[in-house]
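Here's a structure for you.
A, B, C and D label the chains in the order they appear, each numbered from 1.
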C-alpha cells in the first residue's frame, strides 16, 4: 500500500497540476463581451483527478515489481500459444477457414454499420501490416506512408472518373459493403500470409538485421540501400492497394482523408502492437480503430482519451503489446556437446 | 524593387517565427534524439496563455506595457511548465525504449494537448489583443514593413543572442553540449543529465511561447489548432538547417520563410508548400544532414 | 497453401456474399424514424449542432400534437464530423437503423460521399447547408433536396454587386483551397469573365492555418485589383482583412456565407468594418423566424447558431411532405415537396424538380458598426 | 613467392586535419595468421574500417587476390557489403550482434550474400528457395557447432554470455565464406579459460583454410597465434616481423612503454 511519502508526493504532484492547468482550466474570457469567468471548481477536479491517477499508477507499479517474475512467465506462455498457432500449418489453415466463415457470416448477422466499422478496421490492419515491413522489420521511420495510400485512392478515383470502371462502382452500395468486407478479410489473410513468409525469409532477416545494426548488417554483405528500397516499395504497395479499396468504399475522396494524423495513426498501430509482430499489428489496428469508433459515446472526450491512451501505452509497454518472437530452426544432425569448464 | 523588399520583409518575419519554434525541436533532438511532436502544442499553449492573461488584464484596465510584459511572462512560465511536465510524463520513462516509442508517445501527447485546450477553452477562433501598437514613426514605410514585423525581428535577434551566450558561456550550456555529444560520458563526469534534459525542454518551450505570443499578435487570432501547421513548418525548418544544430534552426527558419514568401509573390500561393518542401528535398539530396548539420561520424 | 486455389476460394466467397446480402430495407414500425446527420463534434461542430436543435424543436411540436397521422416521430442523430469516410459510416448506420428521412449532411464533401448510400436506399435527404451545385444539378441524386441556395447563386450575387453596384473592373479572386471556398471562387471567376465588364487580375488559393498572409496581400496590391472576392471561411478572411489593413491596402473585400457569421466580426474586430459578405436573405421581419429563434432561446437557453433557420425550414418542409404524402415513400414525398407550398422561417417555399428550394436566395450584407447589415 | 592475398600500399586516412593512418604498407599471404598490434589510439580499428569499406581511405591502394587466382581486385571505394562479397569478413571490437535475433539467425544473416532468394521466392517458397533455406540452416548449424554454440542456436543473441557473443561474431563472419578473416580484438574481456578456447578456435579456423588478420592486445595470444606481426603507432607502421623479432624490437618497446624506456 501507499506510505506517507507517496501520499505527500501525490499531493505535491496534484498541486503542481493545479498550477499547470490554472490559466486554461480556470480562466475563461470572452474578449468581445469583455467578461471573465473564473471556474474554480475545475481546480478541485484537477487536484482530485491528479491525486487519484498518481495513486493508481503508484499502486500498479508496486504491484508490478512484486509480481514481475510471475507475470513475465505467464506472458511468455500466452505468446507462445499465439505463436504456436501461427507456426503450425494445420492450425493456421483452420484459423484461416474460421476467419473466412466469420467473413461470410459477419455481414449477415450484424448491421451494415457494424460491417462498415469492421471494414475500416480491416483496412487499417492491412495498412499496418504494410507499414510493419518498413518500420517494424526494417526499422525505418516513415511518416509519409499515407501518401502512398492517397496515390492508390487517387489512381482509382481518376481511372473511375475518366474511364468509368464500372465493376467497383457498384460495390460500395448496399450488398457491396459486405463484399468489400469479405474481399478485405481475404486480402488481409493473404497479407498476413505473405508478411509471415517474408519475415522468416532471407529478405526478412536482412530487414531485421538492418534494424538492429546497420553497420554490422553491411559487414555481413547486405546491400543497405537496396534492402531499404525494397522495404519501402513493398510497404507502399500495400498502402496503394488499400487506397484503392478506400476510394471504392467512400466513393468520394478529398485530401482531408490523407492527413499527417492518418500517417501517425498507422505508425501508432505498428508500434503499439509491437514492432515487427504480426499478431501485434492486428491487435494494434483493432484497438486504435475500434476504440475511437466505440468511444464515440464519449464524443468530445474521444480524441483526448485517444491521445492519453497512446502515451500511457508507450510508458507502460514501450515494446508494444506483443513482443516479437523469432522462428526457431532445427537440424537433424548431431552436434558436439557444449564445452565444459 | 519595392515589391521584392516587401516580400523579403514578410518572409523574414515568417522565418523568424519558424526559427523560434524550430529551436525547440532542434535542441531536444540534439540532446535526446527525439522529434518532439508536442512542441507545436507548447507553442499553441503559450499563445493561449498570453491571450487569456492579456485579455483579463485589459478588461481590468491595465496599461498596455504592463499587459505585454505580464502576458509574455505568463506565456513563458506556463509553456515551460507544460514542456517540463510533458517530458517528465511522456518521454522520461522511455529513455531506454526502442527508438520509435517516444515518437508515438509524443504524437499521443500532441493529440492530447490539442483536445485538452479545445475542451478547456473553445473550438472557436478568438481575437488576440493587439499587443504591439502601430508606431507613428513607422507610418511612411508601414505598407512595406509594419511595426509588428520590426518587433518580431528585433525580439528574435535578441533572443538568439541571449541563447548563444547561454549555450556557449554558461555552465548549463556547456553541460547541454556535453550531454548532446555523449550522454553516458556526461553522466560519468558528474553532469545531472535528467536536469539538463529538463532545462532543454524548458528553454525550448519558453522560446516557442515567445514565438506564439508574437505571431498571435501579428495575425490577431488563435485557436487550439494553430500549433499543428506551425509545428510542421518549424520542424521542416529544423531539418532544413540541420537538426541538432542551433544556428541551423535559425538559418533553416529564415530560408523557409523567405522561400515561401517569394514562392507566393513570384509564382503562386497555391504552390507555397510545394516550393517549401521541394527545397527541403533538394537540400537533403545534396546535404543529407541539412544546411549546417554535421555529418554523423560512425562509431565502430 | 496454394495461392491460386486460395484466390479461387476468395473469389467464390465474395460472389457468395454479394448474393446473400440484400440492401437493408426501411422498416415500417409504429414510429416515423427521422434521421439527423452532420458534424456534431470536431472543429466544424458549430455548423452541425444547430440543425440537431432545430430538428428537436420541430419534432417535439409535431409529437405534442399527436404526431403525423397518428404516428410519433423518432429522432436518430448521427455524427459525421464532416469527414467523408465517417459520413459513410453514419449513413450506413442510419439506414440500418431504419431511418425513413434524413435531415442534414452539413458539409458538401461528406454529403457527396454519403449520398449514394441514401440514394440506393431510397431515403429522402434534405440538407440545410450543403451548397455544392453538383448535388442538385447533376441529377444523380433524385432523393436530395436542400433549403439553401447553391454556391453559384452566391457567387453570382457577389459578382453582380461588385461589378454593377460598386463598379469595379479589376477583381482578385482568392480562396482557401477547400471544396467550398474553391468552388465559390471558381464560379465567381467564371461570372466575372462572362460579364465582359471586368477582368480577374489574380486567382489564387491560400493555405488555411498558414502563419501569415503578408505575401499574398502584397501580391493583391501589386495586381492592381479594386476588390477582392474571397471564397472560404471566416478565420482566413479575418486574417486577410487584418493583413490588408496592416499593409495599408484599402480596397473592397467581398466574401461568401462562410464569412457572414458573427464570429467573423468578433475575431476581425475593427478590421471587419466595411467588409461585404453574401448570405441568405434577411428573415428577421418574418414572424415564423422570430418564433423559431425565440423557441430556441426558451428551450436551450442559448442563441441559435449557423444554418438554424435553414434546418428549421427543412424540418418543417419534411414533416409537411410526410403528412401530405401520407407515407415516407420517396416518390410520394417528392411530389408533395414540389407541389405543396409551406410557410417557414425563410418564407413560403416549395422545391423545383432538381431539389432546390424556390423562394430562398441571397443578399449582400456589409459590416457596419460591428453588425452585418443587409443591403437592399 | 605467390601473390599475397591482401596487399596494402601507402594507405592514408585523414579526418579533417588529423592523419589517422599514414602511408601504411601491409600484406597477408594465403594460410597466414597475421597480427596487428599497437597502443590504444594507434589507428588499428581505423585501418580495419578502411579495409572493409566503412571509411573511404584518402590515399593508397588495397588489393585483394583470392588464393590460387591471378586476378586482383581493388577494395578502394567499395561499400562494406561489396567488400564482404569479395571474400573479406570481419568482427567488431565492440560487439555488434543482432540482439533481437536468435543465435542461429545471426549466423544465417551471414549467408545472405552467398544466397539468392528474393520477394517472390519468399512468398511462393518454391523448391529452389526451400532447398536454399535448408542449406542455410544446415551450414549455419555446422558453423555454430565449430565455435561450440550449437546447443544455444535458438536463444536470443542478447542472452548469451560475453565470451559466447565474441565467438558468435566469429561464426557470423565465417558464414560469409571469407578467405580472409579480420578479427578486431577477439579476446577483449575474456577470462583466461575463454582466451585459451579462442586460441584453439582461431587455429582450427586457420587449418580450415582461412587466412586471418587480427588486432589484439593480449600479447600471449598474439605470440602464440601469429606467423607475422605488424606494429603500429600514431597511424604509422613502426615494425614488422616474426613474433620473436618483434618481442625484442626497441621501437616496439618504446611505443608500448613510452619515451622514457632508454633513460
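The working rule: a contact is a pair of C-beta atoms (placed from the backbone, for glycine too) under 8 Å apart; a residue touches a chain by one contact, two chains touch by 3 or more.
Remember, predicted model here, so these are calculated numbers, not experimental data.
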Original post:
So which chain ends up closest to the centre of the protein, judged by Cα positions averaged per chain?
Top reply: A
Original post:
For subunit C, which other chain has the most distant CA centre?
Top reply: D
Original post:
subunit A to subunit B: how many Å between their CA centres?
Top reply: 30
**OP:** Provide the C-alpha centroid distance between subunit A and subunit C, rounded to the nearest whole angstrom.
**Re:** 36
Subject >> Inter-chain centre distance, subunit A versus subunit D - centres from mean C-alpha coordinates, in Å >> reply: 41
Subject >> Distance from the mean Cα position of subunit D to that of subunit B, given in whole angstrom >> reply: 48
**OP:** List, in ascending order, every residue of subunit A touching at least 2 other chains.
**Re:** 31-32, 215, 300
**OP:** Identify all positions of subunit C at which a residue touches two or more other chains, and write them in rising order.
**Re:** 3, 266
**OP:** Pull out every residue in subunit B that's touching 2 or more other chains.
**Re:** 126-127, 228, 298, 300
**OP:** Show which residues of subunit C lie in contact with subunit B when the two form their complex.
**Re:** 42-43, 45-46, 177, 204-207, 209-216, 218-219, 221-222, 234-235, 238-239, 242-243, 246-249, 263, 266-269, 271
**OP:** Using the touch rule from the top, collect the residues of subunit A that touch subunit C in their complex.
**Re:** 31-32, 93, 96, 100, 103-104, 107-108, 111-113, 115-117, 120, 172-179, 181-183, 186, 190, 193, 246, 249-254, 256-257, 293, 296, 299-300, 302
Subject >> Residues of subunit B defined as touching subunit A within the complex >> reply: 37, 45, 48-49, 51-53, 55-56, 59, 74, 78, 81-82, 85, 89-90, 93-94, 97-105, 107-121, 126-127, 129, 228, 232, 298, 300
Subject >> In the complex with subunit D, residue positions of subunit A that touch it >> reply: 194, 197-198, 201-206, 208-209, 211-213, 215-224, 230, 234, 324, 326-329, 331, 333, 335-339, 341
**OP:** Please give the residue numbers of subunit C that touch subunit A in the complex, ascending.
**Re:** 1, 3, 6, 9-10, 13-14, 16-24, 40-41, 79, 83-85, 88-89, 92-93, 95-97, 109, 112-113, 116-117, 120-121, 179, 266
